[in-house]
Amino acid sequence: MIKVGIIGAGGYAGQTLISILLRHPEAEIVWLMSEEAHKGKKIADLYPHLSGEIGLSCQTLDDLDKVLKKVDLVFLALPHGIAINHVPKIIDAGKKVVDLGADYRFSDNAVFKKWYGIEHSTDKYLKQAVFGLPELYRSEIKKTNFVANPGCYPTASILGLAPLVKNKLIDFDSIIVDAKSGVTGAGRGISLKTHYCERNEGIEAYAVTNHRHMGEIEYQISKISGNQINVTFVPHLTPMNRGILATIYAKLKMPARPAGGQNAKLKINELNQLYKEFYKGEPFVRIFEDKVPNTKYVSGTNYCDIAIQVNEATGKAIVLSAIDNLVKGAAGQAVQNMNLICGFEETAGLKEMALYP
Amino acid sequence: MIKVGIIGAGGYAGQTLISILLRHPEAEIVWLMSEEAHKGKKIADLYPHLSGEIGLSCQTLDDLDKVLKKVDLVFLALPHGIAINHVPKIIDAGKKVVDLGADYRFSDNAVFKKWYGIEHSTDKYLKQAVFGLPELYRSEIKKTNFVANPGCYPTASILGLAPLVKNKLIDFDSIIVDAKSGVTGAGRGISLKTHYCERNEGIEAYAVTNHRHMGEIEYQISKISGNQINVTFVPHLTPMNRGILATIYAKLKMPARPAGGQNAKLKINELNQLYKEFYKGEPFVRIFEDKVPNTKYVSGTNYCDIAIQVNEATGKAIVLSAIDNLVKGAAGQAVQNMNLICGFEETAGLKEMALYP
Amino acid sequence: MIKVGIIGAGGYAGQTLISILLRHPEAEIVWLMSEEAHKGKKIADLYPHLSGEIGLSCQTLDDLDKVLKKVDLVFLALPHGIAINHVPKIIDAGKKVVDLGADYRFSDNAVFKKWYGIEHSTDKYLKQAVFGLPELYRSEIKKTNFVANPGCYPTASILGLAPLVKNKLIDFDSIIVDAKSGVTGAGRGISLKTHYCERNEGIEAYAVTNHRHMGEIEYQISKISGNQINVTFVPHLTPMNRGILATIYAKLKMPARPAGGQNAKLKINELNQLYKEFYKGEPFVRIFEDKVPNTKYVSGTNYCDIAIQVNEATGKAIVLSAIDNLVKGAAGQAVQNMNLICGFEETAGLKEMALYP
Amino acid sequence: MIKVGIIGAGGYAGQTLISILLRHPEAEIVWLMSEEAHKGKKIADLYPHLSGEIGLSCQTLDDLDKVLKKVDLVFLALPHGIAINHVPKIIDAGKKVVDLGADYRFSDNAVFKKWYGIEHSTDKYLKQAVFGLPELYRSEIKKTNFVANPGCYPTASILGLAPLVKNKLIDFDSIIVDAKSGVTGAGRGISLKTHYCERNEGIEAYAVTNHRHMGEIEYQISKISGNQINVTFVPHLTPMNRGILATIYAKLKMPARPAGGQNAKLKINELNQLYKEFYKGEPFVRIFEDKVPNTKYVSGTNYCDIAIQVNEATGKAIVLSAIDNLVKGAAGQAVQNMNLICGFEETAGLKEMALYP
């Protein structure tokens, strides 16, 4: 059993980490950190559903030095710009790190600054971090001790796009990602935007042209393709708690309208085959052929469900990619990364079934 | 006061019509028709919220002849393929007709057959029907006695696209409409797809490549542009009762990336100006400049709220268009059309404020 | 047209008042006041659904003197303890007042202090205020110029109980009110309790033994009965925006178990008759005999829907009473009171149909 | 590993059983039965969230004989009146049975007939069945091979009431259970009542005086108390998927109003202590002292969360009891019973954390 600490335990990603780790066969939570206001409070008082499951109270980052002597691995689940101040010390203390925040997701400091308005004083740790999308970077992750866990929208979007991009089957400047997210994506912090009455029974787009995850998607898609790609990304807030459905559109590099239905059918079959091959053996990707992904189907799980269809008349591929934003989009993927860097079974602690309906 | 009858009163569009007409200063409901199973039942028993508001019971189409002597105007709110059997008789009896269904939305019989699999035995009535989108066809509507009321998705999509298409500002083959709909769009008919537990807390796409409203959008957009246009249209079911948000993407015919921020700002201003000009004086279109449409803002109203933004890096215009699918997307627009063909004030009966929150 | 001002326009009750008054045939809003943070902001920016409907901006109470010269009637929709500081000045200026808050609902200062922890420095205005439940106090309301509008839970509870209490048909110490409320009852103020994710998909009781509305219900029920009555009142937060369903239990003063089914049926008929008689001619009370109230049926309306049933084996009457907490439970009833004190038609501005579904 | 079969696998209780059993360390699903319409269909096609988890298809009861040779234990999750035809054969074949339906919950055939309108042709199996509420009947369950799993409302209600009833602390004729349920309680069968749009944003009571679970609660409470007790039970449908909150009211046999606050506090402490003692060591009951149960806290778990409070002025105890109706209220408790009759660890397969938020 390794000993782990969680910085940012009071947020939704943090408490999801707790839930997963409490049932993990190889890891033990020994330390929880949250904001000053939570200091000394039992996590089970902040989250009553944890009553009877965990007795730990929240500490603050003031105790970091002391704590570092006790833990083998640290998860950070913080708003951007904070991890940057603590990760170096944790790495230097020889601890493994999985950072769920955005601070180390770009290996290029300038790109990070472009999207987040701040920059790292040194590239040292930045270069060390591996982008924690196991389906694309498993071998690198296995070799590192520092993982930058992907964002929720990027996870759904990149997994949906990768087979098309890697095989150069689409016009790279035609990519559009229309994403629908549950409200947990906005975190536990209170605001008018996340007030029950204002969100219930309403859907709206936000950050229509400048969401930071657009940068992350572009950065990764460019890397995969070997081209500099810009993506049109529009996120939407929807009245549900969990889940992201990314509806992805891209122009296929193929004759716009095939001669007949049979050809069309073949093409879909081939694309389905391509996706199945691409994700063959992946424990957490399911390719749907005869049904469409629904955020409900992955609720509480580490799955990413993907389907591809083609609008023959317009030549557009339409990829549907669904995840639970708090699991595959945050805490579940973080544990998957922990499993990889610690040499555990990759699915350890992540076998939870979807809570349906 | 004109006397109106409603065929298909038992569905959601039908009962919304009833609610609007009960408060309409110029119209009186004298006759309700619904399916066989509702025969003789009070509408207030099918919809208890109407208790104390209306005493009428449901009749069936068997009484049509008798009824036609009593009414001046008939609304039809039926699944496709049924109105086709009754509209000729109603027209021939010299009555005004507003058909909320799909049967007369295409003036081209072949196109209708392509999308709906059935055809009209004669073009006569088809040619007579005017597509009831007042913002585009007001003068034609005023002159007719037979309106084919647009579908819900087409209303939101066409109003969002019209200024760009008419002014030929976009690549016509780049249009994508990603639409999010509340569940009332699927009607009151029971099914596993509309079962509470299966819809709640989940979002999924449906009819990804072949929704019939795609045909209606294409038909109208082609007409407006003077070009044959195919549109990529993907509807989604979302966990809310009312509302459609159409997120529309199209490639602007402009330099992909302007020299500086100032230019970009100008472009947005110009596009906003364009939309405002296009819908100047329209009682039911609101152009949002500094905020984004939310389906909540139009809930219970006949408004279509529209905003346009531009992703500078990709050169894509992003238009957000929100309606209440049962009001502007069905019964409200039908009453707006009734007002126009009867010479009433266009907004009569349609001044309801949004029910917020 | 009378000129009205609204103090507390930024809250949900305030904006509901605005919506109703904008369509009211006899009243015109000339002045809006909200908290300091809203100063100078257009109300349509705080509530985008009001775009195109109203151009007014928010002022603060600093402008009260100036404003009092312009208005005939003032609505106050404030947290308790604030109206107390402003009502005297408004009354003394000769203006009519409808206070939606709690400060003047008890004519007994000591009872007010018991429940709210503060007291009035003089009984003068307290004695002047009439409790604005028209179904019970219509004649008094018509004669006053100062109405204390009832709370939301008390409105549903008192209307449900009044016929039984007035006719002394129940054991007064057996009354239990189990109330289920939508989240708008908690207002627009942000908090973890009203965070979307924390409220969605969960029901919990709150203020289980000491909700202030218990005092208001007891005070009124005691007054109606002529006895000092204590009530067990437990409110619950439920995952919906609008509506209160009060399920009321009381022991009938009758033989515990009737001889046969026929008698039982008679008893129910008599109770139904009693309720119908009691509320005969009331424009906003509907007695349901063969169906049960549902908060949906009154959504957006000023109705209170009531049904009574009897559990024969236990001798308990079960009264179901449903209102829209923002309309009959707040702004609608306030306008009903305005209509009464101004001599307008009682239903003026309140004819909105339920927004269904 | 024992081999289990599930009759009624296509319903919500059935699929929850599947999810739990797929992760159970001691049991293996070898056979699924569902209605005729599901014959031959893969369960993962009926429930796409099970994709990649289970390959089994649905059979029908026609195969029962063949199947009985392969299984050690059978779960039945059927509407009432069907299990009655199959349980005898399964028992006679020497198989263990956990019946999630109502057919064997009353050991008295006449009481069963009173509530369900049908009767058993023999008492033989009826007498054999043990009511599967482990917290009350653990030792009997351990000795039997046939468990009648309690209903969802009865589970929450009986666990909430048992300490008060067993210790005779309340007036037995004063018990009221006001229960709020998520829509999954109504099953997966489609109906207007469970149509998304009709349930969303609305709360209503149903079966106000005659819900069958009232009989089950009365039967058990009478047994526990040794008195014949009638209970007033009113269930409500609420807009959420999962969970039951039972708010239970009963008159305490104590001085109606204690002398002072201190006494009151003592009384609550004593009641809390009583509940803690009563459920000491229970793995699935949590007593909340300083917070109230919320259906969210138990979502996806086998917990029953209970809190007790007292309204001093009325002398009423108010017990709040929350469960997940599909887990502790159905499939989870069924597995708990399987564990007991098979000699497994009682919590095996039931350690799932709440899915929060």
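By letter and in written order, the chains are A, B, C and D; residue numbering begins at 1 in each of them.
Everything that follows uses one rule, which is that a contact is a pair of C-beta atoms (placed from the backbone, for glycine too) under 8 Å apart; a residue touches a chain by one contact, two chains touch by 3 or more.
The model shown is predicted, which means the values in this text are computed figures rather than measured ones.
Participant: Between subunit B and subunit C, which partner chains are common?
Facilitator: Under the touch definition, subunit B and subunit C have A, D as mutual neighbours.
Participant: If we define chain centres by averaging CA atoms, which chain lands farthest from subunit B? Would you check?
Facilitator: Farthest from subunit B by mean C-alpha position: D.
Participant: If you average the CA atoms of subunit C and of subunit D, how far apart do the two points sit, in angstrom?
Facilitator: That gives a centre separation of 38 Å.
Participant: Please compute the C-alpha centroid of subunit B, do the same for subunit D, then give the distance between them in whole Å.
Facilitator: A distance of 46 Å separates the two centres.
Participant: At which residue positions does subunit C touch at least two other chains?
Facilitator: Those would be 12, 182, 184, 197-198, 200-201, 239-242, 294, 296-297, 299, 357.
Participant: For subunit C, which residues count as touching subunit A in their complex?
Facilitator: 12, 182-184, 188, 190-192, 194-201, 239-241
Participant: Would you mind writing out the residues of subunit C in touch with subunit D in their complex?
Facilitator: Subunit C reaches subunit D through residues 173-174, 176, 178, 180, 182, 197-198, 200-206, 208-209, 230-232, 234, 236, 238-243, 245, 247, 249, 292-297, 299, 309-314, 316, 318, 320, 322, 357.
Participant: Per the contact definition, I'd like the list of subunit C residues that touch subunit B in the complex.
Facilitator: Listed in rising order, the residues of subunit C that touch subunit B are 12, 15, 19, 22-23, 45, 47-53, 184, 201, 241-242, 286, 288, 291, 294, 296-301, 303, 305, 351-357.
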